[in-house]
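Written out below as structure tokens is the structure these notes cover.
Order of writing sets the chain letters: A, B, C and D. Residues in each chain are counted from 1.
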Amino acid sequence: MTARIGVVTFPGTLDDRDTQRAISIAGAEAVPLWHRDKDLKQVDAVVLPGGFSYGDYLRAGAISRFSPVMGAIVEQANGGMPVLGICNGFQVLCEAHLLPGAMLRNTGLHFVCRDQKLRVETSATAWTADYAAGEEISIPLKNIDGRYTADERTLDELESEGRVVFRYQELNPNGSLRDIAGISNAAGNVVGLMPHPEHAVEPLIGTGRTDGLAFFTSVIKKLVTA
Amino acid sequence: MSLDTVKHAAGTPESAQPWKELGLKEDEYARIREILGRRPTGAELAMYSVMWSEHCSYKSSKVHLKQFGEKAPQTDALLVGIGENAGVVDVGQGYAVTFKIESHNHPSYIEPYQGAATGVGGIVRDILAMGARPVAVMDPLRFGAADHPDTKRVLPGVVAGVGGYGNCLGLPNIGGEVVFDPCYQGNPLVNALCVGVMKHEDIHLAQASGTGNKVILYGARTGGDGIGGVSVLASETFDSTGPSRRPAVQVGDPFQEKLLIECTLEIFREQLVAGIQDLGGAGLSCATSELASAGSGGMRVELDTVPLRDATLSPEEILMSESQERMCAIVEPGKVDRFLEICEKWDVIATVIGEVTEGSRLEIFWHGEQIVDVPPRSVAHEGPTYHRPYARPDWQDTLQADDAGRLARPANAEELRAQVLALVGSPNQASKSWVTDQYDRFVQGNTVLAQPEDSGVVRIDADTNLGVALATDGNGRYAKLDPYTGAQLALAEAYRNVAATGAKPLAVSDCLNFGSPEDPAVMWQFAEATRGLADGCLALGTPVTGGNVSLYNQTGDQAIHPTPVVAVLGVIDDVNRRTPMAFSEQGQLILLLGDTREEFGGSAWSQVVHDHLGGLPPAVDLEREKLLAEILISGSRDGMIDAAHDLSDGGLIQAVTESCLRGGNGARLVVPDGLDAFTFLFSESAGRAIVAVPRSEELRFTDMCGARGLPVSRIGVIDGDAVEVQGEFAIPLAELGAAHEATIPGLLV
Amino acid sequence: MARVVVDVMLKPEILDPQGQAVQRALPRLGFAGISDVRQGKRFELEVEGPVDDAALARIREMAETFLANTVIEDFDVKVES
Amino acid sequence: MARVVVDVMLKPEILDPQGQAVQRALPRLGFAGISDVRQGKRFELEVEGPVDDAALARIREMAETFLANTVIEDFDVKVES
């Protein structure tokens, strides 16, 4: 069986086509989903890609969160379907309360584009099984609203439940609390992170490394063996 | 206020009109009356005045720009030449590439963020209007003195604007320039380039043909912002913003533009348009008159159907408004419904505002009454032409006689070392990562090389690995010393940068930034620079496909350095063989290609160490540039070189420093026979590059150079973690890196 | 037509680098005596029909679910006089 | 310590993409009856010492030269009660 992974396009989404390409390279079928779609075309997993949906006006992700497609995604995510939010997608997941916390303007106040080192803190999610816990990877990061924030209780809970999935290494590019780059929900099927694995799947392109490919192979393996 | 209809105008020939306030000259106003056989209506006057402005009509420059056509080299690559929104170049495999560079200088001085942002937005729509998907942007920028307080206002705003708009559109920024010079104080240069890709059959042109076809305006609503923007763009002073109380500043909405791009590409895919034009300077005046002028018939527009953001706008203001993020399409009646459906899908407002008519006139109505009745060509293509007087300024000889070769040179190795550090840490030579890290270079997932590489390279076909390369260059200091040679040096440098990454240079776009054309000295600089560029393009076989002229970049009688910025587009058939600049393998040999002479006029060294500008710029040898490019391309194709970096401002030591820092490896250099260390390190002789060659390839590579007659010398080896010049000095990479990286952030805190 | 203003500010415990940047710049520009700056958002809503309690309740709901993210922000709704 | 609020809004004739995006979203979220939305900035300044006319004049100057970009924005200074 070939896994079918949906990629949502909101108005203003930018990395949808790259994400589709990354999914194909990893060996699954990428299924485009439109923000007005009310059903998910029977996909097995969904990626909310990066970009500036609705221009990031109001707050990043604040308007997209109300799109018709999000209703279906919230429902199926709560039922266990793997969902990955990258950058703007992560912001949408927070706004939609599928993940706790919120994203704020970078402390440096600038857009930051860099090759970012991360530590994969856990392989116990749908999207990180092909990494080893503690593994260091380097993938592009590019955002202006990437400062992950939550109250202390939530942060402690995330830590104790092993739901901090990625942490910035060497440099915290945006002032995220506890160097958090990505988190998951309690069940581990919903993951959000600021850096961009889909830009690190081909040796020649971008940073020239393929450290992001395992996101997609992880979920594909899980879906195919399920 | 009563409506000034065509009928009313015909009956009131004596009514006084504000032609002067609109920037028209007396004879120009007389000519409009002659063309129309009556006085123009207010709406017609608005149209003529914006379309006949310097910015839209190129009235001072077009007699010189003609050379780009007259001297165009023979090439099969050019699919669409000068005159359309942008030129189109055949890059093989059925692909066509369109690219163009434009200026948004004056608006960016007034409001840096929005000025720069809308500059990016405007050039992207030009590329989109050709039928192409925009795939990357670049931003050649120039600011006043690095330590001037106003630079702290302008630079961060411009950079945030370029980034804010481009990032939000999802266009990777793959290169540009950041140059500081006191001559740009008060006149920063914000140039923006966009490149787009399409299949040959997708090329679209700006023409309104087919009687009965509908004129559809789509995108943002029309508002009062930007009215008078055209006059600001090209007028002598910032305060002559036309008759309107409306602000001249335009605010961009990159989200709207992103929707416009996706919506337009979907419309192209379904072949729903017969002609298309973006709305830029002069707004609807420009779009309607140009579409009608290039088409076969006339056009009728119901102006009151235009969706407005501000209901109080007058018809004149609607015609002149430069509200951003709008496009105008000509659509067959049977395809209108589908067109509107796609717009609805993307939340883009679209309105049928008129149709193509049988006749030959552009007619515009306001609630049923006719307010415009003109021959469209007279508005769009038959504006005034000036043969402005020009003369070589008398100070030019004095300037050239002030030879930089006489400047005091470092007396010993210690001074030499100190000057190297001063050079690589000077604002113009320092790392620009503070700027470029604010730009997304990864989006779209096709970026093969981006800043700080010699050229930006993007893959355009993921199956065949076909790619294009682009570099922009300009050196106002060289051009000030000799505008003819300076323009050719800009061209040669961009050409060399493209070749250094392994791509074959194909075509040129240019942005000519100069002072006031009413100053004969400036006009001479302009004439010389265009002549130099046209001759250079002919010699290199790379036609000019389009570009932009920005005049009046001056404060009082103080003009900026003449600054022709040249963009060269190249093609690389397999991006896998692109050559990066990094020295990444210890033990590889460093070879210097080309001749090094004592050439310091206009050099970075003369600026940094002596604050001097005088003498002659480096000599240009375009045959040598071609040969060098061939060698660099062959070296890449045959896998002989692992790194290459062109030599330009700052000379060899600058290039070696950049390649070492990028690769994280040091280098041991030996001064070749016949050269002194100072000249070896700092000369800016053109036609040179350094390459890193695996030892196993040295003989094959140097044999190739020998056989083709390109001088090559082995100058060192990649080694250690310092840059060492044997017998002179060594500088640890960490120290070089700190000097190179710290400068720009230090200036802007 | 009436105008309702919604002010949205970061909660006091949340770091506000924009406000801080403004505050840090002030002395350099010659403005002394400002001990703290916070930067937030102001929305001006033009409301059709009467701004009665029901309308205000709806706007408050809109602020709570949409205009502000109450994880990080507080809001305040005022009828403009 | 007194609080002075500076509200900065885009001039009415200037495009406000953010406000427009918010307004367009409202009906989809089930909020009808809002005919226009403009989004601006709100600065809360904590002022040391008395907020007398001199202090207000200084703050107004600060707003004019720094907090607002008067090419495209208007501002309003208020003492918080």
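Note that in this section a residue touches a chain if its C-beta (ideal position, glycine included) is under 8 Å from a C-beta of that chain, and two chains touch if they have at least 3 such contacts.
Everything quoted here is computed from the prediction, not taken from an experiment.
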Open item on the list: Can you check which chain pair, B-D or A-D, has more C-beta pairs in contact?
Closed with: B-D
Task: Distance from the mean Cα position of subunit D to that of subunit A, given in whole angstrom - done: 34
Open item on the list: With centres defined as the mean C-alpha position, give me the subunit B-subunit C separation in Å.
Closed with: 41
Open item on the list: I'd like the Å distance between the centres of subunit A and subunit C, where a centre is the mean of that chain's Cα atoms.
Closed with: 30
TODO: Pull out every residue in subunit A that's touching 2 or more other chains.
DONE: 54-55, 57-58, 66
Open item on the list: Which positions in subunit D are in touch with at least two other chains?
Closed with: 17, 21-22, 25, 29, 39
TODO: Quick one: which residues in subunit B touch 2 or more of the other chains?
DONE: 253, 255-256, 347
Open item on the list: Can you give me every chain pair that touches, using the contact definition above?
Closed with: A-B, A-C, A-D, B-D, C-D
Task: subunit B contact footprint on subunit D (complex, rising order) - done: 10-11, 13-17, 20-21, 24, 69, 71-72
TODO: State the interface residues of subunit D toward subunit A in the complex, per the touch definition above.
DONE: 17-18, 21-22, 25, 28-29, 39
Task: Contact set on subunit A toward subunit B in their complex - done: 11-12, 14-15, 17-18, 21-22, 50-52, 54-57, 110-114, 140, 142, 144, 196, 198-199, 202, 204-207
Task: Interfacial residue positions of subunit C with respect to subunit D in the complex - done: 1, 7-9, 19, 22, 25-26, 29, 31, 33-49, 55, 58, 62, 65-67
Task: Parts of subunit A lying in touch with subunit D, wherever the complex brings them together - done: 54-55, 57-58, 63, 66
